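Chain nomenclature is as follows: A, B, C and D, assigned in order of appearance, with residue numbering initiated at 1 for each chain independently.
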Amino acid sequence: MAAFAFEQSLNAIQLGLTLFLLTAGLTLTFGFMGVINLAHGSVYMIGAYVLAAVSLRTGSFLIGIAAALLTTGIIGLLLELSLVRRLYRRGHLDQVLATFAVILIANGLTTWLFGRQPIQLDIPSYLSGPLRLTADLSYPKYRAFLIALGVAIAVLLHIVMGRTRVGMRVRAGSTHRELVRALGVDVRGLFALVFGLGSMLAGFAGALIAPLQAVEAGMGDQIVILAFVVIVIGGVGSVRGAFFASLMVGIVDTLGRVVLPFLLKSFTAPAVSTALSIGVSSTAVYLLMAAVLIVRPAGLFAGRA
Amino acid sequence: MIRLIPSTVGLALVIAAIVLLPGVATALHQPFWISIGTRILIVGIAVISLDLVVGHAGLPSFGHAAFFGAGGFTAGILSVQAAADPSSALLQLIGSEAAVSWPLAAAVAGLFGLLFGALALRTRGVNFLMITLAFAQMLYFVFVSLPTYGGDEGVRLRQTQHLFGRDISDPLVFYYVVAAMLIGTILGMRMLMVSRFGRVLASCRQNERRTRFLGYRTDLYLLLAFALSAAGGGLAGALMANHLRYVSPQMMSWFQSGEFLIMNVLGGLASSYGGLLGAAAFIVLHETFLSFTEYWEVVLGIGLLVFVFANPGGLARLLADRR
Amino acid sequence: MSQPLLRIEGLRKSFGALAATNDFSLDIPTGETHALIGPNGAGKTTLIAQISGELRPDAGSIQFAGEDITALTIAQRVERGISRSFQISSILPEFTVLQNVAIAVQATEGHSFRFHGDPWRDPRVQDPALRCLEAVQLASKAHVIASELAHGEQRQLELAMALALKPRLVLLDEPTAGMAQEDARRIQALLRRLKTGLTMLLVEHDMDLVFALSDRVTVMVYGKAVSSGPPEQVRADPVVREAYLGDFP
Amino acid sequence: MGISAVKPHLAFLSAALAIGASVAHAQSPVKIGLITTLSTAGGALGQDMRDAFQLAAKEEGGKLGGVPVDLMVADDGLNPNTAKDIAERMLQHDGIRLFTGIIYTNVTLAIVPDLLRAGAVVIQNNTGPVELDGKNCNPNLFGSAWHGEAPGESAAAAANARNTKQLMTIVPNYTSGLEQRGAFKRGFKGQILDDILVKLNQTDYAAEISQIKLRRPEGIYMFLPGGMGISFMRQLHQADIGDIPMYAATTVSEQVTATVGEAARNVVGSAPWTPDLDNPASRKFVAEFREAYKRTPTVYAANGYDTAKLIGSALAATRGDISNIAAVRKAILAAKFDSVRGKFAFGASQYPVEDWYMTTVSKDASGTYVPHNAGKVLTAHGSPYADQCKF
């Protein structure tokens, strides 16, 4: 039972860290540029598709990852230059409309290029299979790999955001946007850079999750909403907030799926308890968000603005 | 400032078109226009009610589908319960009498609006948008995981719908009932937007802080607007449930909320019948593209982008980024 | 001595380590025009925010006409007769000038949860609104869209909106900020005429205006009142000269 | 008159043209409405079905049962609203009285009752909803694939055939999932260790897989259609759990096993038809389908093909006169066609009475993972609700 609890804790952390990869970029563009980018989930999907397509052709997972990073970074830059740049001064509604349109186009083009069947993808043999920790404790290698990468990216972002000039500008800008503009920093260049990097992170998340999931059109449409929930919980523009909120969401979601049915079983009929726990656990994240908002309307780690 | 000024002439034209559509459809041997027309009118009610919040009060709500679905499920659940227990005269009445079930659906959605609005109105701008979206998702997942009412697959309404005891299941009759509700909604909206309440909302949209320092408790005005809008969405949901004789959580999905918002902007913000025009334009384009190509999403997406950028600042400028 | 209209006692407000209001006390009797001056960052705007109800003080109390209003909302304070203008013009840009004032007049009717009847066709709203515009000499622009007004005219409109609330105390946050000399003098003349029958707390940098209009002046530095009294007395106060006025004539 | 693959309907602009067209064809072919899901992520099944249906008509040069047909294909976009508009248009404008093609239950529930009320004949060529079976059966509604609970029942039969003593179930929390699980449990003779319910369209199964690992079941009954099943199989494959058979009924197609690869090797499927089923009709169908579309047909394609042949048999019997609905019904019920399934007959509630086979997955010569027919598990199996059906 201890092994089981430990394994579920790892599951929760892994879920949270993977979510963090998706939300880190989003919270920056959201806070820094004030742009609602619903198409962030489409970039996630593109990352998954590129990894699958390239690693199938080349037989190399690493080349696939590199291709996914490159493609989504470029797509992010192109999106910024062609579309998002024109949206900064627009209202949120125009942003929602335009990026909603991008989702439709991305989904349509993906099915046109790759068909409607999920596409083929294998985990490279060196990351496949279980990692045996003790006699009764093992964990999938690939998930352990995801945890390690998630931690690495979090540390890297922490250093970049806290120690480098660009990072500090971005951080200041994401909570005090007008201030950075007033200081005469080249915001246009910075915006493009941040948007490109944010997209790259989303593509990275998509590529990493691809071997564990069905790579199919629309795979980013639901998770992007979850990413926005994480951002609202963590506080718009705060990478630290996104990190802790992602972990919280991972934990709450896993608890809801594992512990809740178990608890409910002890005092209701099994059929009722499982259905009920699914109902509660699928809304638990949103309840968490509502609770946070009641206490702190601007999110847990919001800047004092 | 560009604004869609609701002119009496335009209104007269719109009402004339609504009233004449079935006749024209019959004359041109296109009777199915009545069905798609009914759908446009129903969605029009939903979008016009959304406009109260988005256009008139200036709050970017991205969760209107929740209220549409709440209203739809209210009607749906009442109908299912009535079918399950034919011996209960009360259930039969509530389940099949529109004069009872529609106001009830609007009230339920309105209550959800009060609840969600009270929480969401602690924030403004982007956060408001995201929170309304998240609440709608929450409701969506609740209904997806309720197998009693079909879960994801939804439920069929079994009762024949009556209005004041008269059967309204005939498509033409139903069309005119919906048309009457829509015209009522438009007229109600026009009354509301020039009333004291409407003026306060317009004031909040332009400058909420100033409005607050004029002594208005802006939260309360915005909350009522949100709840009224939710009730309108709920009414539309109940009508849609009766039109399709079917409800499903898809009614509450965030794509549905997005479509409502698109129609709202398409038709013109802060208008009285713009929502109907937006609904008509979007639905006709959607169905046309869908009938031409399997990749209709691409065409629709490009069309939307063209619309957004061909309107530099356009009608949406009324909703500038404000906190 | 009769009760002052506004009494501020031991007011404190800090943002982190910065004390924006530091044990600040002030009495303003009915009918007085009181000027609050001080260098930038002295905490003047923060003080206005606390009096008008936008910020809650950390400690201290604010009394208005003998009632403790420290915990009241903005709306409740407006209802009791405190209105304000803003440092940066704050108007309703899409409304006409008259409509801007009308929405303020409408606010004095009690609640606006009324869903029938157009207040803009209601003489009970329109007539007082026009009178306010006449009082600030803006009646000729009544039907101009507010965003099209010149800067000085927008300040006049703000005054009209503040007046339309039938206030007992008007808080004016830099009514001539960013104005050309000529416009500033016009506002000055306007305020001089309005002064009778109104109690005003005026935050201002324009010293000509301050000394021409005010009955008393308080100098605020780092959240504290360092001097308070009639203009001549404050002008002569060596502490003030040193701390703030410099080589003021 | 041939087949218009996807017939564009500029519904709002083409009124005059359409009237002209309908006058021009005094001797019109029989119109068939194929309302199906071609676009969105859910479009794959519908495309398979449509392709096979069109293949059947192409074989006869645009005829079915010797009668010229005008096949009107419309994409519902997996949207009940759209489906309703299409149905109304086909009923009222095109005068269609013969419908098929619907894939998803939400579309079925939204439009089929209206089609039936309008007097049309509807042939369900995918899982028939339990809600329209038994006492809610309708004389004009036929199922050409299988009755609502057959997948769950056949999975149980497969698990029984392999002497499974105990297993766990995993299904999404929605009507179909619960129905299928109910059907499975009714038929399964062993013990159910635990039931896991997941959220519809869930993508991460780490928490559930840890539970499965803890309980060490001999097998898993899974009803996870589409992407859900792929995600689950891929993630289960990574866990330290050994080879556990996954009883998946019809949810794991040839294309899915090929996509998922090794992680799908433990899938035990069940279906009334498999591509390697040895009968002349099936051999001909598979060869022609491969020739035409360069891929192996799925069971959904087979359903589409059989549906076309079934309609053909009815058109042949009525000589293309479908105005007499009673005669059409009688002809359909007779089902005189060479089914790719070998035998085909209708039960009392007008769903098929058919044999079900179990499939297991193995690598073929090219290294692709393919399901193979591993023997019959149910014989002449029909709807359990058939006797509640009274017309």
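Everything below uses one rule, namely that contacts are C-beta pairs under 8 Å (C-beta built on N, C-alpha and C of every residue); 3 or more make two chains touch, one makes a residue touch a chain.
Just so we're clear, the structure is a prediction, and the values are computed from it rather than from any experiment.
Undergrad: Looking at A-B and B-C, which one has the bigger number of contacting C-beta pairs?
TA: Per the contact counts, A-B leads.
Undergrad: Taking mean CA positions as centres, which chain lies farthest from chain B?
TA: It is C.
Undergrad: Can you work out the whole-Å distance between the CA centroids of chain A and chain B?
TA: Spacing between the chain centres: roughly 31 Å.
Undergrad: Averaged over CA atoms, how far is the centre of chain B from the centre of chain C? Could you give it in whole Å?
TA: The computed centroid separation for chain B versus chain C comes out at 43 Å.
Undergrad: Distance from the CA centroid of chain A to that of chain C, rounded to the nearest Å?
TA: Distance between chain centres, rounded to whole Å: 48 Å.
Undergrad: List the centre-to-centre spacing of chain B and chain D in whole Å, with centres computed as mean CA coordinates.
TA: 35
Undergrad: By residue number and range, which residues of chain A touch two or more other chains?
TA: Where chain A meets two or more other chains at a single residue, that happens at 107, 111, 275, 278-279, 282.
Undergrad: So which stretches of chain C touch two or more other chains?
TA: none
Undergrad: Multi-chain contacts only, two chains or more: what residues does chain D have there?
TA: 39, 43, 173, 199 - these are the residues of chain D that touch more than one other chain.
Undergrad: All pairs of touching chains?
TA: A-B, A-D, B-C, B-D
Undergrad: Using the touch definition from the top, list the residues of chain B that touch chain D in their complex.
TA: Against chain D, the touching part of chain B is residues 28-33, 35-36, 39, 141, 144-145, 147, 150-156, 240, 243-246, 248, 250, 284, 286-288, 290-297.
Undergrad: Can you list the residues on chain D that touch chain B in the complex?
TA: So the residues of chain D touching chain B come out as 6-12, 15-16, 18-19, 38-39, 43, 74-75, 77, 79-82, 84-85, 88-89, 91-93, 105-106, 109-110, 113-114, 131, 172-178, 199-200.
Undergrad: In the complex, go through chain B and note every residue touching chain A.
TA: 54, 60, 62, 119, 122-123, 125-127, 129-131, 133-135, 137-138, 141-142, 144-147, 254-255, 258, 261-262, 264-265, 269, 294-305, 307-309, 313, 316-317, 319-321
Undergrad: Under the touch definition given earlier, write down the residues of chain A that touch chain D in their complex.
TA: 4, 7-8, 11-12, 14-15, 107, 111, 115-120, 122-123, 128-130, 132, 138-143, 209, 211-214, 216-219, 222-223, 254, 257-258, 261, 270, 274-275, 277-279, 281-282
Undergrad: For a test of understanding, state which residues of chain D touch chain A in their complex under the given definition.
TA: It is residues 39-44, 47, 173, 195-199, 201, 203-204, 206-208, 210-211, 213-214, 226-231, 234-235, 238-240, 255-256, 258-262 of chain D that touch chain A.
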